[in-house]
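Shared between the two complexes below is subunit A, which pairs with subunit B and subunit C, respectively.
Moving on to the complex of A and B:
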């Protein structure tokens, strides 16, 4: 099916759960291509996903797909596919029955249901396991089955809520490849995640959500640039802590060095993380330093958001 | 040819109902009248002098077990599960993100539960009847009694399942409410004198049974359990009973559809 540039549009969208704010004043237009919805847990990503798939009713504002409101408009779902976050299935069914049952809800006849189910199972590489009970599937297989039910009717808009959650690296790569393959022909794909590298692997176009609001949106390099204006913290565990600290103390982009000889750790604060890592690798190799572990205690999404909101 | 949304939901739900773990348990419970009938007949064959009034036993089973217990229990668990199971298992997202109107979802799932329960109940009741009446199958009144019993059981299932479908759409603890309603309200208020008993569904169902207003069948000379169950029952006309049951069923289902189409279901993450 060829997509025709169907867009998701939210205008002044807000959602409260009683007195608790879920989402506030969201105005955004999401068009063809892959868009990453990025935010820490509890940021409002799932609320946004549920609002644009008509599972929740906006408290204020509007959300439309192709110009039509989503709430109580089931016909929208002929053109939209949704993969939920929760690992929930009808466990007493086989993968094929699950897909066929849900495809039946589109009103397709038996032969079309079979054909589409086979194609979707093949796409997510579950053909061999299709006739096994879902309760016997691994996490990766369940995740792929969930994705297959969202795209079996070949929607123009595909919405995936944390599709990489809990997957091993191999399954993650598989799912990322599937999502990228699906993007073709002007389709719109919206993927949420709380893990920055996952989104980076999928798309350059991201929307940052934090505390129910859009913090930034656009190209990932722009967001990275915002982040890079703040210092990064890198912790290195090594037996040569003092020596390493001395090597880096004089570098212009290193703002501070703290070392704990008893623990065998050095804590660096740097303005240029890439240059720092490049130098660290060169130094470790050149001077035969025994580095046991490198961690970035603030290199996570929460820290990124903390920087952006000025905490 | 495209399938109507209601039919599509119905087909999907029948499969779910048939496969569910609870079905295995309730099939066993529903088979109890058959097991009881078999035991009694085997006992009679083993003791030639023993007199077994098959119709009296059957009427006791229908009134004391099937109508006042089994129908309530099955309707409660299958009616509330129409939406509550999907919410508790967090699977509601799947049908909720398909091109299926919410009314079709409720009605399709309700119809799937009711049709399954009707097959279960009717097969169990007919088998129990045939076993108990095996030597008196030419007894015409018995067949009439069977017919009206099946009607009462069917209408009871249709009506109670609709009520519990409604309860499942808006109550978090719908099973608790159902247990209170079935074994509190229904089991007590039906024995109140005057018009108060008409506030129970059971009053209308009992009005369908023979021997109460038509002077037919074994309940006229009922003793023991049957006498207790019909205590203070002031039957309404059959036509009024049928009409009332259909009207309240329609109201329950209409309300369930209305609430389901307006309510947002949040899952416990």
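Moving on to the complex of A and C:
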């Protein structure tokens, strides 16, 4: 079963809890691939997740999946998998019973339920613990079980609310690999997290939510390029640090130059990154500078997040 | 040995659609209840009255064999609607049913609320009515085993032991009364339990609530009836209302001189309120984060 590019679409979506704003005027389309939903605590990530999984009714606007409304439309969830942030287990059940019970809700027959449960448990490496009571599971095992229930029916859209919480590094890598596998099959995956490196390990495509509104969406680097208020930082490692610093100090688009001769680095702040790199390349070639390394310390998710959220 | 790349193998079969989700919920709830330590004991304990009354039917047909043993019990052993009313309206049976409700039903919704399981359920092709219906069915299953099943067995035993259809000829409405009463009682107690289970996240709190509301309503009736000698106070007691209604359905003399229709209205109102509250509470997963 290959994904056919189901799309999550929100139009003018808003949610209030009484006088408290949850989300405001969200219009967005999330297509195939992995999209990271980012935001600090209380930003509205969970509200957004609940709205697109039909647990909350929008105060205003609509949410559709594949063109069909989500609210009050349980059939849509045959094609959607959801991993909630909170633990949601019956401690008196075994892992296999938990999974089988939830799979039964899709209408699978007993043999198919068993096969799917076995496969999902095997994938998250819980086969040996499958017949143990959940109350004896560790945090990581519980998290893996929770993820397995969202995948066991092989949904075309996978919605994961903080899926890597509590996982050990090995399990994290495993889950990240799985999520990426979904991407390669043309499925839509939405992952929320407030841990930026986790999102960065998964995708470059983000939706940044803050105070109930979308601050930015798209490719991390593209978004960074659009943030004019914060100049780009470029670090160049070279033996000719002083010479390079002098060469660029007079340029109009270079705002500051710091060099550390001992370390052999020059740190530039520039408003026009493209022009800067073009000039740097020309200078390096023309003046025979020995440049060892060029890095952009603030061209990453953390910086985008900090700049947009205003930290 | 090479390290094998392990990935998720996708299902190539067809998606099933024939099963009703409420059945899955009901089956799961029944299995969970049956796994509890004292539930089996309580359930089999609740079946004792049925065995006793079934024995009574046998003895009533062989009364001459038991003449010495059963002296003075001939009146009780007349198999008529009053005999069955003594079973269906007995305080002990109702008490055991409440115990069963505590064992099987106290945590049905409160555990889901405590474990935040509702998002898991409702992010699947499951409607609210499937969820409530499944939970309801699991409780009704146990209650029908204590009411409808013994009732039908009583009739069959009577027909076998008597070797005639006289009971059905004299009281042709009796099987329908058994069915009607069993369904009503099971529905009422199931909804009552689900209502109280949805009011908290703590199974113990719900267990206490189930028993407390039932017994306190009867205690208040006893107090008011003792002071004012007004039989209409039976309407505030769940147990008395149930016994009034069972007497009416079995064609037996009611306990109090109060029209049974009032008891029906009181119990129906509680059922209606339960449905409304459940519909409101079950989606109530709105958490401000």
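Everything that follows uses one rule, which is that the second predicted complex is superposed on the first by the 222 of 311 C-alpha atoms of A that agree within 3 Å, B and C clash if a C-alpha of one lies under 4 Å from a C-alpha of the other, contacts with A are read in each partner's own complex, and residues count from 1 in each chain.
The working rule: contacts are C-beta pairs under 8 Å (C-beta built on N, C-alpha and C of every residue); 3 or more make two chains touch, one makes a residue touch a chain.
It should be emphasised that the depicted structure is a prediction, and the values quoted were computed from it without experimental measurement.
Undergrad: Aligned on subunit A, subunit B and subunit C: do they clash or fit?
TA: On the shared subunit A, the partners clash.
Undergrad: Who does A:26 touch here: subunit B (first), subunit C (second), both, or neither?
TA: Once the two structures are laid over each other on A, A:26 reaches no partner at all.
Undergrad: So in the superposed three-chain picture, is A:149 touching just subunit B, just subunit C, both, or none of them (first/second/both/neither)?
TA: A:149 sits against subunit B and subunit C alike.
Undergrad: On subunit A, which partner touches more residues: subunit B or subunit C?
TA: Counting residues of subunit A touched by each partner, the higher count goes to C.
Undergrad: Quick one: is A:75 in contact with subunit B, with subunit C, with both, or with neither? Answer first, second, both or neither.
TA: Both subunit B and subunit C are touched by A:75.
Undergrad: In the superposed arrangement, which partner chain does A:178 touch: subunit B (first), subunit C (second), both, or neither?
TA: Touch status of A:178: second partner only.
Undergrad: Under the stated touch criterion, which partner chain does A:119 make contact with: subunit B (first), subunit C (second), both, or neither?
TA: second
Undergrad: If we overlay the two complexes on their shared chain A, which of subunit B and subunit C does A:90 touch? Say first, second, both or neither.
TA: Touch partners of A:90: subunit B and subunit C.
Undergrad: Could you list which residues of subunit A make contact with subunit B in one structure and with subunit C in the other?
TA: Looking at subunit A, the two contact sets intersect at 17, 46, 53-56, 74-78, 80-82, 84, 86, 88-90, 92-93, 97, 101-102, 104-109, 149.
Undergrad: Per the contact definition, I'd like the list of subunit A residues that touch subunit B in the complex.
TA: Per the stated touch rule, the residues are 17, 46, 53-57, 72, 74-78, 80-82, 84-86, 88-90, 92-93, 97, 101-102, 104-109, 149.
Undergrad: Which residues of subunit B touch subunit A in the complex?
TA: The touching residues are 1-5, 8-9, 11-12, 15-16, 19-21, 89-91, 93-102, 261, 264-267, 269.
Undergrad: State the interface residues of subunit A toward subunit C in the complex, per the touch definition above.
TA: By the definition above, subunit A touches subunit C via 1, 17, 20, 22, 41-42, 46-47, 50, 53-56, 74-78, 80-82, 84, 86-93, 97, 101-102, 104-109, 112, 116, 119, 123, 149, 151, 154, 159, 177-178, 181, 185.
Undergrad: Would you tell me which residues of subunit C are touching subunit A in their complex?
TA: 6-13, 15-19, 21, 24-25, 27-28, 31-32, 35, 111, 115-127, 283, 285-289
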